[in-house]
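Presented below are the structures under discussion, each in the form of structure tokens.
Paired with chain B in one complex and with chain C in the other, chain A is shared by the two complexes that follow.
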Partner chain A sequence: MSRPPAERQVSRTIAADQRLSDELTRIGIDDSAASPTVLFLASGVAWLLIGSLMGLIASVKLDLPDWLGGAGPITFGRLRPVHLNAVTYGWISLAGSGMIVWLMGRLCRTHIRWTALLFLSAILWNIGLFLGSALVILGYSGGMEWLEFPLPAAAVIALAFILFALSMFRTFAARQVEHVYVSLWYILASLTWFPLLYVIANAGLYQGVGEAAMNWWYGHNAITVWFTPIGLAGAYYFIPKVIGRPIYSYYLGLLGFWSFALFYNWNGLHHLVGGPLPTWAISVSIVASLMMFVPVLAVAVNHHMTALGHLSMIRYSPTLRFVVFGAMSYTATSFQGSLEATRSVQEVAHFTHYTVGHAHLGMYAFVTMVLFGAVYYIMPRIAKWEWPYPNLIKVHFWLSAAGIAIYFLSLTLGGWLQGLAMNTPSIPFIDTVNLTKPYLWGRAVGGTLMTIGHCVFAYHFLLVIHRAGPKRFAPVWFRKAEEVAAP
Partner chain B sequence: MTLLPALLVIVIVAIVGASLALAAFFWALRTKQFSVKQLNEGASVIFDSVEHVGKPTDQLFKKPGLQNDEQTSG
Partner chain C sequence: MMFIRSFVFFLGVLAAFALGWIGIVGVPDMMLARIEAPPELKRYTAEQLYGRSIYVREGCLYCHSQQVRPEGFGADQARFWGRPSVPADYLYDKPHLLGTMRTGPDLFNIGARQTSEEWHLLHLYNPRLVTKGSIMPPHPWLFEEKPTAGPGEEALVLPDSLAPARKVVVPTAEAKALVAYLLSLNHTYPVSQGAASDDTAKTRR
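Let's look at the complex of A and B:
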């Protein structure tokens, strides 16, 4: 039995009011996050360019060792750590923080609190990065991978992170949503654990073998409690949001998070298989690495089943294109990492380029690609300006995808052959080095493609910030609050 | 700091980290984050009445001629 016309009219009016209210609320929340988000994202993009350039020069130096070899500051041993720190603590951390600020507003459905702390945090973070990079270039490296920045620079970055976390926790405390969405679990965990980890690792309390143990406990846990949660938080938000479909199994999502929290932080010492550490410590780490199949499968099944039947939308959505690429890479790099932790695989892969390929599969193909997707989604909504040249996004995607594919395949194959050769006593060491040369060129080619893609991305990013280029009305048009509210 | 004291520090930090995780877990239990109701509805908190379930929100590569009411406005 149909309702009377008057009742239908009332229902329609109430629904229209609700839609108007929801849209204004969402735009208001996005606006509250806009300035700090742009500051973090723009800083991240700047460090991406710096880090890419450093990485490219370092990569070419592996092929041409005498190139730019005349001065200490531009030797491989200084440029390579600057590359690592610029892309991890610069690009991924800063762009990831920008994404977190924006997601925090959306997931808590409230305005961002204590934004002054966020501005201070971004400024300090950039100062710390600049100081640390300059000191490493001048030869004052801490000497441990992932911890090259000397104490003064690390202290500034730690302070910046704590200020950032305070603002985010304050926003969380003011949330208007009872339920904590799975992305938020990953974000809150990273905000709690990473400052603890970073401060302890930089405290300089260790020496000798203990220092090596701490180094890799930190190195792997930085990925565990900071970089991976950034990628997973993004994937868990953007895949369902872009498709317009809730994640396949919310139960599986939470199982994935809690098993991730339980197993992942034990993984670090598998980097020291064969080292002078207690066997039990390394064995525990290997077992925990294999247990990572549980959360990884939970995430992989969830993302795959959510996208199943909607993958054609990749054609239309730049965000989905990057994020799905990242999510698939997460599964791949995690499976590879678990197997790589075993003693039998490490017999060959340890101390080879294979490990470098694996690291880039995680940090680039997974985390960085998710972040690119996030930036493509967030920026138009806070700048109220659509990306002016969609073809540039396609160019960026294919340069990045092809670049990382060439990079990963070259180093995986070359590294494995290198390991087999090093395990053969009859092969002179110099032959194991010469064997890798073609694969190192592959690495440089892949890095070049990625760097060109980053330049395209940065140019396009600048256009959106300045609301430049052709104004696009379709298919997506982002409106300001006053335009939505206008009758 | 030699190996055993270093491992001790790592173990202590791990216990602190794990304690924080446990505290979060019990907070989640207390606030009924894992109740059947919240688990069933939780996946939808990223949607609202405008960007609702069934509505894609990122269609930049779609040609204007292919527009339909699935396009987003916010």
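Let's look at the complex of A and C:
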């Protein structure tokens, strides 16, 4: 390894802090995870592109309703669910699974077991997504939000997830460590929860208002048991890892995890405040939403204290920059969500674009940004090829960050004004539509930036897979190494 | 020791999940199982059900809710969108279409508010024909262009700018079924809010 001396110095310090005694084992473990991880990550990136494009087209259709208005398959009401499914069950789930495979090897300190199941899982998953999206486009939507994929597609995805979970549990059972790290708690819980949730929700057990309760129990629990654990597992791993310090408090981690498990499973009915359900049930969800301050604060304090004094490293480390952005957004989204669940905020915000802004703060600014950071860390280590163009990473970061900021602020402000107008009976309904138009354009602008960022990211990702571009000998840092060592 | 710890971990994880499911889905659903349909609530006809499936297919749900809020919570009552909806109103609904967005108005009582089939057809063909500034998508694929209207068919009355040259636009069976469904959305019959859901009515503010 012929690294420049200063960089060697840095990596030596970091390595010592991390107490990673045996680099060779680590490389062996990474290698065992390499092919399935790449398969999952690459599929995820493909669905990110598809999903962003669908979202962008859907968004412009609200600005120019007659644009591409002549054909059923590309109407707003079909593209929108395809967007949601492609970015959540496609991008986040697949890239998240790739991250989980890789973390599993690292955290259990053993090679990945039953990798054949992982390949099968990734293939089935892609087939399920493709089938489901095609069926929705062709008009066979199941009709419930988050559950639009009809049964054949949902069954394939369920099977894919179960195969994935089996391989991960087998690897966990073979672990070579005493200590089960916080990230693993979230991963293990989600591997247990999500298949159950997904199967129950697709089983068609309910009718009428009971089905609505199930629908939003599912909708929010998908966030509880799958999307958030992915983001948190990543944040818990990469923040201490890149900074080179252990997590601040194990007990805060414990408190955070169990209060999360206890409260977050009861949040769903805050999506139906004011609706025709027994009030006590909705109130229970509102209280549970407020209780979420406990786990969220625990996580926020834990990450903050870990990073304290080292936060300047986000200027240098691409991974840290994305992951810290994500972790801070987690706190922001959750605080917003807890308050948003209350009756007085729901009265205004519930039926408006404000909710869509909130959804993107969670799914994009939090989970997606953490995943970007994870991919920037993992890919060079398994592809044995560093990111060739550090500037592309910067461009990607700023496009995504500016894009989501514009997206969120537009819809939050526009949605709130829309809600106030809707609650003022003297304002004709069409004026509540008219007043949102500039904000919907704002969203389209933000979404365009994000989508361009995703194209840059995907291009760079392809370069690494093909080991193209200039060869680099050390991980990407945005500044010279001496500057890193200085503070 | 390690085994026991794992066991307790997974037990706790499963319990947290199951409790939530029972608490906010199972129990409400069981309580609602006792309610009876109001006598005026009619079952959907075959045509209305077909129309409902087109409502699902075209994703009307992503812009329209079907639930009316009570007095003191939003302005649904002042906008005359109907009495507050109760669980009994939805007994025949699958999939449920409560919705979470009001990019367009609530449709739970659109059949009482807008009774003209002609209006609905024009609006579906292109919403901007009847509501200036609407951002609702047009649905021309629910219509057919042909030289002349056949027997029993009625062509849309379109302004020259939108009318196809030497052709007329007639609604397909899909468009008619969808409108039949929209016209069936009429929940203006009285319900005893107490009987329909004991505490929904009582504690709503």
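One rule holds for everything that comes next: the second predicted complex is superposed on the first by the 452 of 487 C-alpha atoms of A that agree within 3 Å, B and C clash if a C-alpha of one lies under 4 Å from a C-alpha of the other, contacts with A are read in each partner's own complex, and residues count from 1 in each chain.
Convention: a contact is a pair of C-beta atoms (placed from the backbone, for glycine too) under 8 Å apart; a residue touches a chain by one contact, two chains touch by 3 or more.
Just so we're clear, the structure is a prediction, and the values are computed from it rather than from any experiment.
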item: Superposed partners chain B and chain C on chain A - clash or fit; value: clash
item: Partner chain in contact with A:I127 - chain B first, chain C second, else both or neither; value: neither
item: Partner chain(s) touched by A:S317 [first = chain B, second = chain C, both, neither]; value: first
item: Partner chain in contact with A:E211 - chain B first, chain C second, else both or neither; value: both
item: Touched partner set for A:N423, first chain B, second chain C, both or neither; value: second
item: Partner chain in contact with A:R26 - chain B first, chain C second, else both or neither; value: first
item: First, second, both or neither for A:A189, with chain B first and chain C second; value: both
item: Partner chain in contact with A:A359 - chain B first, chain C second, else both or neither; value: neither
item: First (chain B), second (chain C), both or neither touched by A:I200; value: both
item: First (chain B), second (chain C), both or neither touched by A:H271; value: second
item: Set of chain A residues, in rising order, touched by both chain B and chain C; value: 178, 188-189, 192-193, 196-197, 200, 206-211, 213-214, 217, 258, 261, 265, 277-278, 281
item: Of chain A, residues touching chain C in the complex; value: 61-63, 65-66, 69-72, 75-78, 80-81, 139-145, 178, 185, 188-189, 192-193, 196-197, 200, 206-215, 217, 221, 225, 258, 261-262, 265-266, 268-269, 271-272, 274-281, 284-285, 343, 347, 350-353, 355, 422-425, 429-430, 433-434, 437, 440
item: Residues of chain C that touch chain A when the two form their complex; value: 2, 9-10, 12-14, 16-17, 19-21, 23-25, 27-29, 31-33, 56-63, 65, 67, 69-70, 73-75, 78-79, 84-87, 89-98, 100-105, 126-128, 131-141, 197-200, 202-205
item: Chain B residues within the chain A interface of the complex; value: 1-7, 9-10, 13-14, 16-17, 20-21, 24-25, 28, 31, 33-34, 38-64, 66-67, 70-74
item: Contact footprint of chain B on chain A as seen in their complex; value: 15, 18-19, 22-23, 25-27, 106-107, 177-182, 188-189, 192-193, 196-197, 200, 205-211, 213-214, 217, 237, 240-247, 250-251, 253-254, 258, 261, 265, 277-278, 281, 313, 315-320, 376-377, 381, 386-387, 390, 393-394, 474-479, 484
